[in-house]
Structure formats: C-alpha cells, structure tokens
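A short write-up of the structure that comes next.
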Amino acid sequence: MATLLFYILAAIVLMAVLLCLTRNNPVHAVLYLVHALFGLALLYFLLGAPMLAAWQVILYAGAIMVLFLFVIMLIDPDLFEKKASRGRFRWLPVGFLSGALLACGGVLIMMDPLAAGGIVRYRLSPRAFGRALFDEYGLAVEILSLILLFAAVGAFHLGRRHKGKEDAS
Amino acid sequence: MNGLLQIPALSVLLLLPLVGALGCLAWDRRAAIFTILLEVGIALTLPSEGGAVSSWIRYEDWQWIERFGARFSLGLDGFSLLMVWLTLVLMAVAIGISWFRYQQAGFYSLLLISCSGVLGVFLAQDLLLFYLCWEIMLLPLVLCIALWGGTKRIQAAFKLLLFTLAGSLLMLLAFLILFLLHGRQTGDYSFALQAVMSTAVPPDLAGWLFACLGLAFLVKVPVVPLHGWLPDAYEEAPTAVTLLLSGVLAKAGVFGLVRLALPLFPATWPDYTSLMAVLGLVSIVYGGWMAYVQTDLKRLVAYASVAHLGFIVLGLAAGNAMAMQGSLLQLFNHGITTAALFVLVAFVERRTGSRKLGDLGGLWARAPHLGGLILFFSLAALGLPGLNIFTGEILILLGAFASRPWWAVVGMVGVLLAACYMLRLVQEVVWGEPRCSETIADLHRGEVALLAPMAGLVLWFGLYPLPFLHLVHNPVENMLVHLVMKGGLP
Amino acid sequence: MMGELLFLIPMLPLCGALIIMFAGGRMSRKLLAAVASFSVIASALTILWLWPLAAPQTRVSLFDWFEAGALRVPVEILFSPLSAAMALMVTGVSALIHLYAASYLHNDPDVRRFFALFNLFVFAMLIIVLADNLLLLFLGWEGVGFCSYALIGYWYRNPGFAAAGRKAFLVTRAADVLFVIALLWLFRLTGSLSIATINQQATSLPAGTLTIVALLLLAGACGKSAQLPFSSWLPDAMAGPTPVSALIHAATMVTAGVYLLCRLFPLISLSPTALAVIGLVGTATAFYGASCALVQRDIKRLLAYSTISQVGYMFLAVGAGTVTGAMFHLITHAFFKALLFMVAGAVIHLAAGEQDLFRLGQLQKRAPLLFWLLLAGALALAGMPLTAGFFSKDAILVACFALNSPWWTGLGVVGLITAFLTALYALRLVYLLAADRDVTIGHGPLPRGMIWPLLPLGLLALVGGQLNLPEPWGGGTVLQRWLQTPSGRGGTHAIEWGLAIVTLLLFVAAWLGARYRFRTLPMPPGGGVAAFFTDGWKIDALVRNAVSKPYEATGRLLDGFPERWYTAVLPDWLGRLCQSAGRYFRTFTSGYVTHYLSGMAWGTFLLLAILLIGLLR
Amino acid sequence: MIVPLGHVLLFAGLLFVAGLAAVLLRRNLIMILIGVEIMLNAVGLVLVGASAYWRHPSGQLFALLLMAVAAAEISIALALVVYLKRSRGTIDVNRFDGMKG
C-alpha cells in the first residue's frame, strides 16, 4: 500500500514540477510548485517525518510560495518570457547535460549496494524530533535563527527605496 | 659552566634584532645601534671551541609548532659562528653607512628584521625555521630597495623578489616532500634537520630535490646563469642593502648548499659536482669579463662580486678539505672586501655625485685616504697575497687542482681577469688628473672608523688566517666524513 | 736563538714602511728619508752580522700561515749562501739607492708615499730572497709587483704613467698565472710547497710532467724578469722616478725570475728540454733587447732594453747549467746597471727632465765626475776586458761553449753577437752624452747625495769581477766557493782564453764602430726599420690588437646581453603569452549567471563521470 | 519495506536535474529561483529518505535546517529580484552581464 502510494506521489510531484518549470506565466508556475511541495510533504509523511511534513506545508507551500506570489505581483510588467531568442535548439546542451547527469547519477546509485536496501516503516514523533533537535543541534538552531535574522534585515535593506540611487540608475 | 653560558644566547641573538626593530619604530632609530652593539657583544662572548664529541659549540632547542613537528632549534658551530660574526660586522657597517643618509626609523627597523632572518638562517637546525628565516631575511631588503632605491627601484626590487622567491618556493617544496617522506618512513613527522637527514630518499627523487635546493641557493649566491636580478638590484639598492645582499645574503646561499643540500643528499652530490664547478667557472670568467667593461662603479663591483663567488662555488665542487675550508673562509673574506668596496663606492658618490668611471679620476690628489683605501681593498679583491681574498683563493685553487686540474687552470684565468678589472677601477678613479672639484673632503673620522676595522680584518685574514681555518676545520671534516659515509665522495 | 733574528732582515724595512705610512704625516722630509734609508741599512748590517748562519744554512720558521687539509705553509725563511748573497746584494744596492733617492726627490711633494713603497718593496724583495716556501715566495713576488706598479705610477697625475704601472702589473700577472699553476701542480705532485722538499722529491717525478712544470716556472720567471714574450712592460716602466728604475727595474726585481730559477735549479735541471728552452728564451731576449737598445732615443728606455738584454744572459746561464754564472752576472749587473740608471737620473736632473739622448750632450764638460762614472758603468756593460761585466758575461759564454753541443754552441754564438751589440749601444750612449752640441744640461750643482752613492757602485762595476775571478786569470772563484751551486761544465783553458780574445776583439770592433758612427754629431735614427726596433719589435701593438682590444670589444658587445635576454625579453614574452591567454579565457566569463551555472553543472557531471569510471573499473 | 532507498534517491535525482535544467534554461529570474527551490527540495527528500533508511533523526533535522536556510536564501533572493526590477527594469538574466570580464 505504502509502496504504491510512494510511486503515485512521486509521479504527481514529478509531473507538477515539470509543469511548473515549463510555464511561461510565473503565477502558474508557482501554483504548480505548490502542488509539488504538497506532494513532497506527503512523501515526507510517508517516510516517517510527520513533523517535517507539517513544516513543509507551513513554511514552503505556505510562507515561501506566498512570498513568491507577492513578489510576482509586485513586478507585474513583462512577466512573460519572450520566445527563446537564441535558436530553437537552445535546450539541447542542457538536455544532454541533464540526461548525462541523470544517467551517471542513476548508474552510481544503482551500483551502490546501499541503494538496494529498503526503507522500512519508521516514524519520528514530533516530540522525538524536537528532543533530538534541541539536544543535539541547539547551537545550530541558534545560528540558523541568526541567519534568518540577517536575511530579514538584508531583505528589508534591499527592498527599501533609495531615492538618489534609483534616479541615478 | 658560568652563569653567562646558561642564558640561551643563540635565541637571544636571533630575537634581539626583532625587539630592536620594534624599538626603532617605537622609540628612535638609535635603538638600532644599541641593538647591533649588544648583538656584537653577545657574539663575541660566544666560545669558539665546541665539545669534544660534536662540533656544536652551542645547541638550543625549544618547542615551537608541535603539530608539524617543527622545533625552534638553533645550533652553532665554527662555520656558523664565522657567518654570525660576518653578519653582525656587516650589519653594523650597513647601519653606520646609512646613518646620515636615511633618517627614517623604518629603514633601520627593516635592516634589523633582515638581520634576524639572516642569523636564523645561519643558526636554524629545523627546516621549517630555516625556511621562515630565509624569507624574513629577504623581504625587508626588497622593501628597502623598493622604498629607498634609485630611479629604477621598483623593477629592481621586483626582479630580485621574483628570482629569489621562485627559488625559495622550490626549496619549500623540497622541504615538504622530505618532511612527508621522513614521516612515512619513520612515523615521526618532523622538520628537524638531524632527523630528516637520515631519511632514505630514492635516488631519482633525491636528484630532483637536490636540484630544487641547489636552484634556490644558487639564485641567492648567484652563479652566472641565475644572476639576472643582480646587476639591477645591486645598482639600485641603497648601499647598505647592496652590501648586505652581496656580503651576507649571498653567503646564506652558499651556507644553505653546505649545510642543507650536501648533507641531505650526499649520494646525489657526485652527479652535480661537475655542473657546480662549471657554474662556478662560468661565474668567474663571465663576471670578470663583464666587470671589466662596466662604466658604473657599483655595477663593476657587483660583477666582481659574482666572479669571486664563483671561486667559492668552485671550492665546494672540488670537494676536498682544503678547498672547502678555503671556500668557507672565503665567504667571510669576500663579505668583508666586497662590502668595503661598496662602501667606498658610496663614499665616492657622496663626494663627487657620480659613479660613472668617466666622471671620476685623480681622487688621490684630493682625498688620499679615500684613494688609498680604494687601492687597498682593490688589491685585496684582486687577490694580492697577504690580503684576505688570496687566502681563500689559493686554498680553493690548490684544492681544485688536487681534484680536477683543469678547473683550477680556468680559475687562474679568473685571477688574471680580477687584476684587469680592479686595476681599471683604480686607474680611472684614483689615478690621473683630478676631475672632481677642489673642495671635496677626504674621509672624516667616522668614515675611517667604519673602514679601519674592515681593513684590519682584511690584513688579519690575509696574514694570519690560521685561527679561522681552525674554526671551520671541524665542520668541514664532519661534513666530509658524512659525505664519504653516505657515498657522496670516494 | 740567533736564528730567530733572521726575521729582522725583512722586518726592518717593513717596520720602516709602516712607520712612514702611519707616522710619516708629521715627519720632515729629511726624517722620512732617514727612516727609510736607516731601515734598509740596518737590514744590510743585520745580514752581515748574521752572515755566519748562512754556511751551511739556517732555516727558521715563525708561525704557520696556512693549515688546511694536507697543506701546511709555515712562514719559514732559509738563510743559505745563495739567499744570503742575494739578500746582501739587494739590501746593499737598496741602501745606496735610498740615499740617492733622498736627494733625487728633494723637492717632490709626495715623498712620503715614495719611501713607504720603497721600503715595502725592499721587504717584499727580501721575502722572495729568503722564503723557503713557494707560497711565501709568492707573497713577496706579488708584493714587489704591487710596489713596482705603485712606483711606476708614482706621478699618478699623468694617466700614461699610471697606465704603464698597470701594464707592468698585468703583464707580470699573466705570467704569474702560469707560475701559480706550476705551484698548484707541484703541490699536487709533492704534497708540499717547501722549496727544499720540492727539490728533494723532484727526482721521483715523471719526466714529461717535470718539463711542463719547469716551463711554467720559466713563464713565471719570464714575466717578472721581462723576458720574451712578457718583456714589453719594462720599457714603459721607465715612467717611474729614476731611483725606482734603478732599484726595481734594473738591480733587484727584474732579477727575481733568475733567482727563482736558481732556487729551483735542482728541479729544473732534471729536464734537458726545459734547460734548452730557458737558454733559448734567454738568448733570444738578450738579442732582442740589444737590438732595441741600439736605436732608442730615450736614455731610460735604452737602459731598460739593456736590462732586458742582460737579464737574458742570466737566463742563458741558468739554461747552460751555471747557477753561479747567473748569480755572478746578476750581481755585477746590479752594480753597473744601478750605476747607469742613477747616472741617467742625475743627467736628467741636470737637464731638467730632458730624456732625449739627441738633446743631451757635453756631459764631460758640465759634470766630469758624472761622466767618468757613466763611463765606468758603460764599459762594464759593454764587457770591456777586466771590468766586472766582462768576467760575468764570459763565464756564461764559457759555460755555453763548454757544453759542446750544437744547440748551446749556437746560443753561445748569438750571445757573442749580442755582446758586440751591447758594446755598441753602451758606447753609443757614452758618445751621445759626451757629444758637443747645443744642450740642455745645466751646470747646476748636483746635490752631493746624488753623487757619492754612485762612487762605490762605480768602483764595483770596474773591479767587481774579482768576486768570481776564474782560475785561468788567477782568481779564486770566491763566489763559486761560497755559493756551492752548480757552475756548469768547467771550460777548458783554451775556451777561456779563446773567448777572452774574441770578446776583446768584439769590444774593440764595437768601439771603433761607435767612434766612427757616433762621435761626430749623428742624426737621430729614422725610418720604418728603426721605428720597428724602437718600438720593441711592435710587440705592444700586436698584443693590443690581438688581445686587449678584442677582449674589451666583445665584452662591451656582450655586456648585459644574456641578462637582458632572460630578465627582460623572456619574461616579456611570457607575460605577453599570459596576457593573450588571459584575453582568450576572459571571453569565458560572459557575465551571464546561467553560463557560470552550466559550468558548475558540467563540472559536477565530470566529477560524477570520473567517479563512475573509477567504479566501473 | 516501503521502497528501496535507490528509488528515493533516483526520484530525488530526477527532481534535482529538473530543477537544474530550469535554472540553466530559463531566463526569468523568478523561474530560476523556483528551479533552485526544487533542487533544494530534492536534497531535502534525500535527507528524509536517508533518515528513514538508517532510522535516525539526524536526516530529518538536517532537512529542517535546510528548510530554514532555504527560507533565508529565498527571502534575500526575492528582495534582490525586486531591487533589480526596480533598478534595471527587467528580471531577464540575459540582460545582466555586469560580471563580464
């Protein structure tokens, strides 16, 4: 049952991602992305990380995606990419590269004896999650919080309107 | 053991100039004089006789960078003692000659830092310490050239820096490879010279490593194909720096060859002796030839210095006790004589405002003491018996002839060339109708005081070099024994 | 220990030099001269005082100069009959010339330098004479070279004079290079530099090596003694003050080469080839010098060429195997040549610096005593029978003919021809100086100090032959018995007398010729041939064009070229290479983020691929 | 067993490459950022899968840290987008070549 669920979810996520990435309209792309992130959250849950799944929904699908939408709304003009300007086969090298990467990575993964091992049901309760987090990575959490603070300050700074500079540029 | 001997004299000797350098900056440039006097005092109180067992007169060993197996170990034997004396004498002269010319404390501070580096090179018994000191020795002088040099000072400083840096990086590479090799073989990762010396280096690798070290040291000397930095650097540098470059840093190059390259790769040495001898001979002949056609006094002396250093390299290549003792002694002799010539050139320039041979002449009529000293040191430089250069040269030639006659025969040509260029200098500067103004002054007391001890040393080493030959006797013997044991000599 | 006192001999002049050098600043002119002369006279007296130590010989060592490896060089002097005789000659003649110089330079401003160098010279010369070690000898050898250099250029304001000194130093130095090679070789062969040891071990050395070493030594001797091919410096050396010419370039230093060969004679004599070459060099130089002396206009250059020629005789003597003959001629030559130089100096002094023979004259009338002294010296030089020069020259020729081989007979014949030429130019000198013409020689009173030192020399020039009067003349061969050195094969009485008669005839012929040619006012020599001889067979020009000029020209051409090539051209080229490479690689940084990112991606792919390939292996 | 670890990894790889392709191909800055988000999530998935595989919480914890870092990154990035839009008038990456050498 869980196995089947995994593959179904994986297919959904992949599909959503591909659709997301091929949209010309960013708003559409973000909406597809939300789908993909939800799917991922479910996958997390499936792999025994309920807490993380919750965070994924709240943080990613919720906060970050909203942020994206805000920004897109904020800069509405020329949201749509012009048609590919540099020839029709512009995607060829990237396609080759992606394929090659995937092939290499895939073979490597498949050759690894670890990869054959299965994931059995496992569940890390939020309590255990929290305990593990603050027991072992308390300092990391503190540092991360600082990073977030800096990011917030930085974002604020960047977003400010500089009167003089703007006119100059 | 009296109380004086229990202070770590070598470490003090090494670190005192750094304190002095700080003192110069913080207080006054007079700190340089006090420092150097104190240093000379310490150096003179060092005993010159070692224990019966080893040739070390003193050995000091402190913990330093434990992680890398690097220790702050300093060793003093007869040879290094000679070099320490030379360094301090020339450092004193360098400070003395700059005193009224450069007022900035920074200049003296840099000189003192360099002094510390040089002493470190002569005393270090640890490869990492040696390398560190090797760089400390050079960089302040490069700065001095770049800041206080002549018109083309920046190019000259860069040339010097690039040439010697290329060499010293090769040296560092060789040291690191040795370090790793020794660590793998014994499990004891150490930079200590004594330890590393016992490493069994595969012959091929040893050849390469020897070449690296040899290149690093010979660039510093320099022998002829590697001397490209020399004429410009010597010409553009302030006199103090020029005389340190020729009098001390060049010696550090030979010292490195004798102290590191040979003992570390004794079995490789025979493959390189011919090359070394050829380099020495080329230096002798080429240096002598070029010195003859220079029109700038400083460049003339610079090329003469190259020619004389060629003899020293030749003596090392000859590889017998006589030639080696001659070479080691010649390091001191050459240091004194060349430095004195540079000082005299500076005095001439100070008075006449020119270093061009065509502008000078008839100095004797105006300044007999100056002219007389130029004559005296020129005679020393051309190898007049009874003066110091002859002492080294004849020992080197005797030794070289004993091992390879042709080397000595070509070397003798150099002796003739020396007479050609030195007498040309004397002819154009000292003799002839005076071309300089009537008013120039003869040497004043301070200047005589600077040169008189050097003249005294020239005579001492020329007439009674025996104590100093004894000083280098044990180190040479030990090294030869080491070479013979390791297959470096038949 | 009396022996230690032997060191006083060289040390006294050295002390004199040092005193003058360091304390001479406040001394009066007279005091300077007194100190200088006294130190040399004291040295001469010391030699006489310690004379008994010379027989058989005394060896004293003061301290070790060098000690390294197998080398030990003690500062050791050997007081043997040979060295004692030479030292006495050197100090004796020096003392007289010092006294002469005191008057000669009485108004020169720089006399302190002169006396310091003069005393230093005597010291160095005595070191050569007394040293028992080749290295110590070399110390003196170069020491006299330096003093000669400095004294030739004594009047340094004239660049030509200073250049003459430099030339002297460099030419002798070139020869010294060969000498030092011989020295190095001897050390390699015998493991010692002691002359005694070398002479002892010489017999065990291979013949070929021995010949080469002997020839190298000969080259060194040739340099100092101005023999062919190193002769050209001596005529130029006449730029120095005349006492210098008299002492250094006539009586003592130029004979150092002969003395060296005498000291090393046991070694040299083992190689007949070397002896033959020495004889050849000596004869050739003797002839060369005489031929050049014949046409000189400058009185001092004439005497210089004469010196070259006479020293050639001494070499011939060594070659013929008569060390005694060489020493005999060396000593008598010192007497009469020093005399001639000092007379020349006095003449120049009277003529206010004029040295051209064709502008001098009437010496007989203006300074009769000087003229008679000149005559004594000239006759001894010309080899007039019964003068010193006659006996010493005859001894050499006798030794040549006594060897009874075509080679030596041939050299002897050339020697005889040279003797004729010698007589010719010596008498030419006399006739020209006595010529009756408008002259510049003044009546001016000659300082007494310039006359009386000449008297003993004049006497010795005439009767110095008594020193080694050969047996047929009823003489006691005093010198031979004292020196105990090889004197070659003794000549038969027939040879002795025959030679004496031939010499006499040659002398008379020369006299008649000179009387005929030079008595009436002759014209100065002119024309190309004369110029060829006047310029010493143009050896100078040859050396200048073949050696000095190419050396300097190629040097100038080469100057800094290699350095420039690889400190400027090569780095420049490298730099340009780097620049153009950089310009190319710069295009890779398009500025587009996606390009960089794809670069990263490609890199990742490469890493993965490498990993994969590694695993697949 | 739910799935073999290899499948999780492969799937994550697919996501990652898809994100990478978008980053490389798209010119709209927003789309590129979306691509980056997808790549980050792919990594998160690997972490979670590994955590389940070894039955150890660390993987999940790191995924959380990753999320936080991603949040920080994206907030700055989006601020930059706004800034660029304002100052340059476009968010087409092909118009930004200020780093051209």
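Assorted remarks:
First chain written, first letter: the chains are A, B, C and D, and each begins at residue 1.
Criterion: a contact is a pair of C-beta atoms (placed from the backbone, for glycine too) under 8 Å apart; a residue touches a chain by one contact, two chains touch by 3 or more.
Remember, predicted model here, so these are calculated numbers, not experimental data.
Looking at B-C and A-C side by side, the one with more C-beta contacts is B-C.
For chain C, the chain with the farthest CA centroid is A. Between chain B and chain C the centroid-to-centroid distance comes to 37 Å (mean Cα coordinates, whole Å). Work out the mean CA point of chain A and of chain B, and you get 67 Å between them.
Averaging C-alpha coordinates per chain places the centre of chain A 101 Å away from that of chain C. Remark: chain C and chain D have CA centroids separated by 96 Å (rounded to whole angstrom).
Of all residues in chain D, those touching 2 or more other chains are 20, 24-25, 27, 94, listed in ascending order. Each of residues 598, 601 in chain C touches at least two other chains. Within chain A, the positions touching two or more other chains are listed as 94, 97, 101, 105. Under the contact rule stated at the top, the pairs of chains that touch are A-C, A-D, B-C, C-D.
Put simply, chain C touches chain D in their complex at residues 586-594, 597-598, 601.
In the complex of the two chains, the chain B residues touching chain C come out as 159, 225, 227-229, 231-232, 289-290, 292-294, 320-323, 325-326, 361-362, 364-365, 375, 379, 384-386, 391, 394-395, 397-399, 401-402, 405, 408-409, 412-413, 415-416, 419-420, 423-424, 426-427, 430-434, 463-466, 469-470, 473. Looking at the complex, you find that chain A touches chain C at residues 93-94, 97, 100-101, 104-105, 107-108, 111.
Every residue of chain C that touches chain B in the complex is listed here, in rising order: 63-71, 135, 138-139, 141-143, 146, 149-150, 153, 156-159, 162-163, 166, 169-170, 173-174, 177, 180-181, 184-185, 187-188, 551-552, 555-556, 558-560, 562-563, 566-567. Contacts from chain D toward chain A in the complex involve residues 1-11, 13-15, 17-22, 24-28, 30-31, 33-35, 37-38, 41, 44-45, 48-49, 51-53, 55, 57-58, 60-61, 63-65, 67-76, 78-83, 85-88, 90-92, 94.
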